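One chain, chain A, links the two complexes that follow: it is found with chain B in the first and with chain C in the second.
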Partner chain A sequence: MAPLQTSQQTGTPLSPAELSYLHTSLTLTPPIRPDSRTPTQFRPLFAESDILPSTNGSARMIWGDGGECIVGVKAEVEKNSISSGGPRDWIETNVEVSGQRDDDAFLGMTVAESLLVPGSGVLERLVLGERFHWKIFVDILLLTPPLSHPATLLTLTTYLALRNTFLPKLVSEAAEDPVFDDDWGNGLPLYPVDRIPPPITLLVVNVGENIFFDPTREELAVGDVVLAVSICEKKVVGVRTLEGGSGGVKREAVKRVIKESCEVAEEVFSSLNGVGEGD
Partner chain B sequence: MTDRRRINGPAEGTTPPVFLTSSTHKPVIKRSPTTLRKIFLKTSLTPPATGSAFLELPTPSNPSTPTLKLTASVYGPRPLPSSTTFSPDARLTAELKFSPFSTPGHRRGYIRDGVERDLSAQLSIALEKSVDVGKYPKSAIDVFVSVLDCEGGLGDAGDGNDGGVEVGLMGVVAGAISCASAAIADAGIECFDLVAGGVAGLIRERGGVVEEDHVGEGMEAGEDISGARHGEKKNRGIALVLDPSPTDGYIILAAAAVGYMAARDELTLVWTKGSMGREGDGTDEVERLVDGAIAAATSVRLVINEAVKERLLLGLKEIGLIKEKAGGNDGDIVME
Partner chain C sequence: MPISILPPQPAQSRLPPDPDSDHDDEKVTLNEDGDFVRMASSQKRPKAISIVTPGEIVTSDPQWMRGHGTYLLQSKDSTTDGSGSDAEMEDGADTAAVGGSGGGSIVATVAGTVQKVNKLLSVKPLRARYAPEIGDLVVGRIMEVQSKRWKVDINSTLTAHLLLSSINLPGGILRKRTSTDELQIRSFFSEGDLLVAEVQGLFQDGAASLHTRSLKYGKLRNGYFLKVKAGGIVRGKSHIITLEAANGAGEVDVILGVNGYVWVSKKVTLQAPPGGESITRLEEEASEAIYSNVNEDIAPATRREIARIGNCVRAMVSWNVRVDEEVLNAVYLSALELEEMGIDGEGSIGSGVEYLEGEVGRIVVLAGMDRVSSANLRAGGMVE
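Now for the complex of A and B:
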């Protein structure tokens, strides 16, 4: 699973007494988080987009704790006959966690599943005439594994990179071999502003009656249930359960977590869209 | 002059044999959307394992159509290897493996790929929360699930799904959870509850086949087939289907798999795919889907109960605590 959180027992350096203290302070109303954030408050982060000149779109984000994520999106023209799997193969995601030999199955699957959700309309924009299509490579690099689960950091950066991805404009006819406009300024966005935006995944932890967003590793360790909720324009496009917590959780709690994630996601979307406008 | 050193083929040539593909026939939906398939579940079939179970879904009318078959074996609780650090709880690891011949169409490799690692992680999450790990310090419980046959729909190349969500993996996970939970019970490991896996999907109606045996689930038949995409006209032409199979031929908009502990009314795993709208007026598709999956899991739980009980009674009979039961009970129970 997560790079640092290999198992619940070894995941945190906290003693059972400390965990119990943390659990109690998180179940209070109003809850008290160790870093005195409000339940829906994210940790401060530094974000920038368009940092890699040789990609079609890129972004970088840094958490305060040193976690850093760089995403580069590259596009290639491919013949329709090459990828046997059909449009499903047109977007390839790859997660590289520095210091880990295997790529993380969970992170890659979450991103790929939410990107390829039917009806998002992105695959239609990749068609180039009758015989060709764009193949998009989303390469995600987690530089320093942050002290918490990297899912939130990773998808926020991916969102930013995809939002800033531009593809060269096609000038040839549908039946011809594709020829592109050589002016990058005429490039078309992969995710136009008026269409469905790329999805984001929020990590949510439920402790007692309280729901916390962007949890730290310690908060994950005492949570009743940890869910990764993927949201795309007011719609839930995926829910996954993460390791952590003991015993099951009532269905009402799960529903409440999902409901609240949708509300918080709207704020996240609007603040992400503001990245880069300031400078 | 003839060439006598080689064995030549016929001079006029031959035509290569053409085999009929099994996928040409149209799938016929016999089940109503809210009926589950029968489940065959039997425990203690792998002698060397501490506990084991075998789960199989019934073979459809066409014998060449694949069905889900999987075995689970549980080893442990056994001591952790001396190299590992101290652990106050039992460490449960689950490993799910597709057999190379299990997938219809193309072969799977022996090396675990991303999909298998992902499913293994989900399986271990679902099971870990049901086992009383605090009772077994310094020990390891290993669960191995091996998929012998599955129905496809795994998102592989050539699965040919016209724009829906793949439910094959969810069916495998749900089956693996139920089977592994029965195996854990068979191993005699203390649990809080048994976990049952359930899958539900939201479908958009198409064609006339589905309409006939539909048990009106708040939808107007026939009128909305042309396909208002989910969004503007929600709940019209969108129906809930329990235990969907990739061979059913539904176009599934969204699907959910849950691990559910029925006696405690608690979830251990939630996994959804596909986009689900969220409206404030009580027609939340997420809630509907999760409730549907829970309903499916509750029915599956009855089968697990029966399988575990059957084994227990057999054990009691062997040591002579109870007498032979009269009347043939073949282990089949009827689900509603």
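Now for the complex of A and C:
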């Protein structure tokens, strides 16, 4: 699939006529997206979880346009040390985009920062007694970059993988060296159902008065502003702008983005939680 | 339904629903080792297509000629250090035709399905870039502007060339290109511009040379560009299709580039030529206006139908249906029908049903195919 994306990789711009057509279509009321989706409609996703047997949790997700992402979560026992950055270093995220240089830190940052929502309680679950803690490695592999911005795909797959991550149960006392239960069936979920789930990031593009979820590459190109909205449970925990926007944004638009993101995210969470239950 | 997350499906479910896919000729069968098994016609092959991978021996039977996507492995030791099944074949049949006739074995160079035409054996790649041929109608995007030519992305392995001398220069047909034209080359096409052109010739290395010296060709405006896989559009009688769009949207032009680039746009009617003759008209048309970047007014209804037609093309290609005027029309009508039903019905699919990805697309494409075949039946009945 990779060769299909030449014009994206070389960054050839869209033609002025194309841009004007798209911009006008998207500013209409009701707007007309180039693939007839409704403003909040996502492209269909294919997802499965628990695909890698040697990880603590894994997931794979395929986007209709060919984007494919695999996430594996591994856990390791580590001794507490004062020299390191403390609990912040307990989760390590690594994003690899096939066919691209790996020094582009941005994508990894999006995911990693949003994983460490203060107060989400993950770090407390990583503590193993007094001297040890779990270290979580989240390896994200983007097999074929989608034609649009991959942030949504990455975070949704990461969400799915983390939701399916189980850590062995600790059976030793707090002061001892950690000893674990042999039975994987007794494993504890990293993110229990009743606790705050891992966050996801949705891309929202604003064109004129309208806002669109899950924008395609063309929609990103004509957007006034592109926002990456991180949502944890029912709250928006972060909004950041992405490069590529070509205009300013009104305050009301941002307000609406946040309001609608919460509603959309609820549905996204519920369908993500449904993955794997069907079979 | 804003999001749908589905379990992944096995690749077989993407098999073409069209009845005229006929690459399961029963006489020839390959076993797991990729060796040719002659008597296997009795052994029922599963419906799944078998795929060969690069380096896999397709057959060592000397009766086959190698075609595209294969090469001939000449060396004799290839049969000795080959798989055990070769040895079995040799002691099974004492003809020893495998290494004997100096033929060697035919090895696949691409991943794809084996195709046989008489005695010619070729491997059709699953996914390939577009290979230009002279006379093809292609849609391309300017990637680079050079001093006397443009480099055009046509989804091929090499970028195509469009020479300044092979476009219609403004101000009449037989005008010679001047140094002024060279200086203002970006006023004709600049980076990112879309154009429709014809492959005029091929260079030694397989790169295409394009030309736009016709009124049909040139810069694209008033529409939407979409990309499908290169094999999705097959060469046909006509690649510029005009559809009568529903809901008062007027006529919509669809340009199906053989390279898998598709342009769906509002049909722009040319003003009646004052002279009425083609030469004068060409002169008239080849003014600065043909390189303008400004769209006409396009009504929202037209925009909606353009999007719908684009979705139809995408759905047809993803379900391996040949895109031509007849089928596209039928699929488009089915898409319209489905939307009507969706609104009248329970509303469970309700909004967003115009979006034809996934299962909805399959339903629409199948309905369209039904429509075509029933129309054909009726036409056949009338002839009789």
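What to note about this one:
In this text, the second predicted complex is superposed on the first by the 262 of 279 C-alpha atoms of A that agree within 3 Å, B and C clash if a C-alpha of one lies under 4 Å from a C-alpha of the other, contacts with A are read in each partner's own complex, and residues count from 1 in each chain.
As a convention for this text, a contact is a pair of C-beta atoms (placed from the backbone, for glycine too) under 8 Å apart; a residue touches a chain by one contact, two chains touch by 3 or more.
Computed from a predicted model, the values in this text were never measured in an experiment.
After superposition onto chain A, partners chain B and chain C are found to sit side by side with no clash. Judged by the touch definition given at the top, the superposed model places A:227 against chain B, while chain C stays out of reach. Legend: residue contacts after superposition of the two complexes on their common chain; A:251 is shown touching chain B, with no touch to chain C.
By the touch criterion defined above, A:45 lies against chain C but remains apart from chain B after alignment on the C-alpha atoms of chain A.
The superposed model places chain B and chain C at 120 degrees from each other around the C-alpha centre of chain A, with the value given to the nearest 10. Of the two partner chains placed by superposition, A:185 touches none, neither chain B nor chain C. When both complexes are overlaid on chain A, the residue A:18 reaches chain C alone and has no touch with chain B.
Within the superposed three-chain model, A:267 lies in touch with chain C and out of touch with chain B [touch as defined at top].
By the touch criterion stated above, A:53 is placed in contact with neither chain B nor chain C. Residue contacts after overlaying the shared chain place A:36 against chain C, while chain B stays out of touching range. For the pair chain B and chain C, the model built by superposing on chain A gives 6 Å as the shortest CA-CA distance.
Residues common to the contacts of chain A with chain B and with chain C across the two structures: 1, 7, 10.
The touching residues of chain A, counted against chain C in their complex, run 1, 3-4, 6-7, 10, 12-18, 20-22, 24-25, 28, 32-38, 40-48, 60, 62, 64, 213, 264, 267-268, 271-272, 274-276, 278-279. Contact residues of chain A toward chain B in the complex are 1, 7, 9-10, 83-86, 88-89, 102-103, 105-106, 108-109, 113, 117-120, 225, 227, 232, 234-243, 245-251, 254-255, 258-259, 262.
On chain C, the positions that touch chain A within their shared complex are 1-9, 127, 129, 141-143, 153, 155, 191-194, 219-227, 229, 293-295, 298, 300, 303-304, 307-308, 310-311, 314, 351-352, 354-358.
Chain contact summary for the complex, chain B toward chain A: residues 85, 87-89, 91, 114-115, 117-118, 121-122, 124-126, 128-130, 133, 155-158, 160, 163-165, 192-193, 229-230, 253, 256, 260-261, 264-278, 284, 286-287, 290-291, 294.
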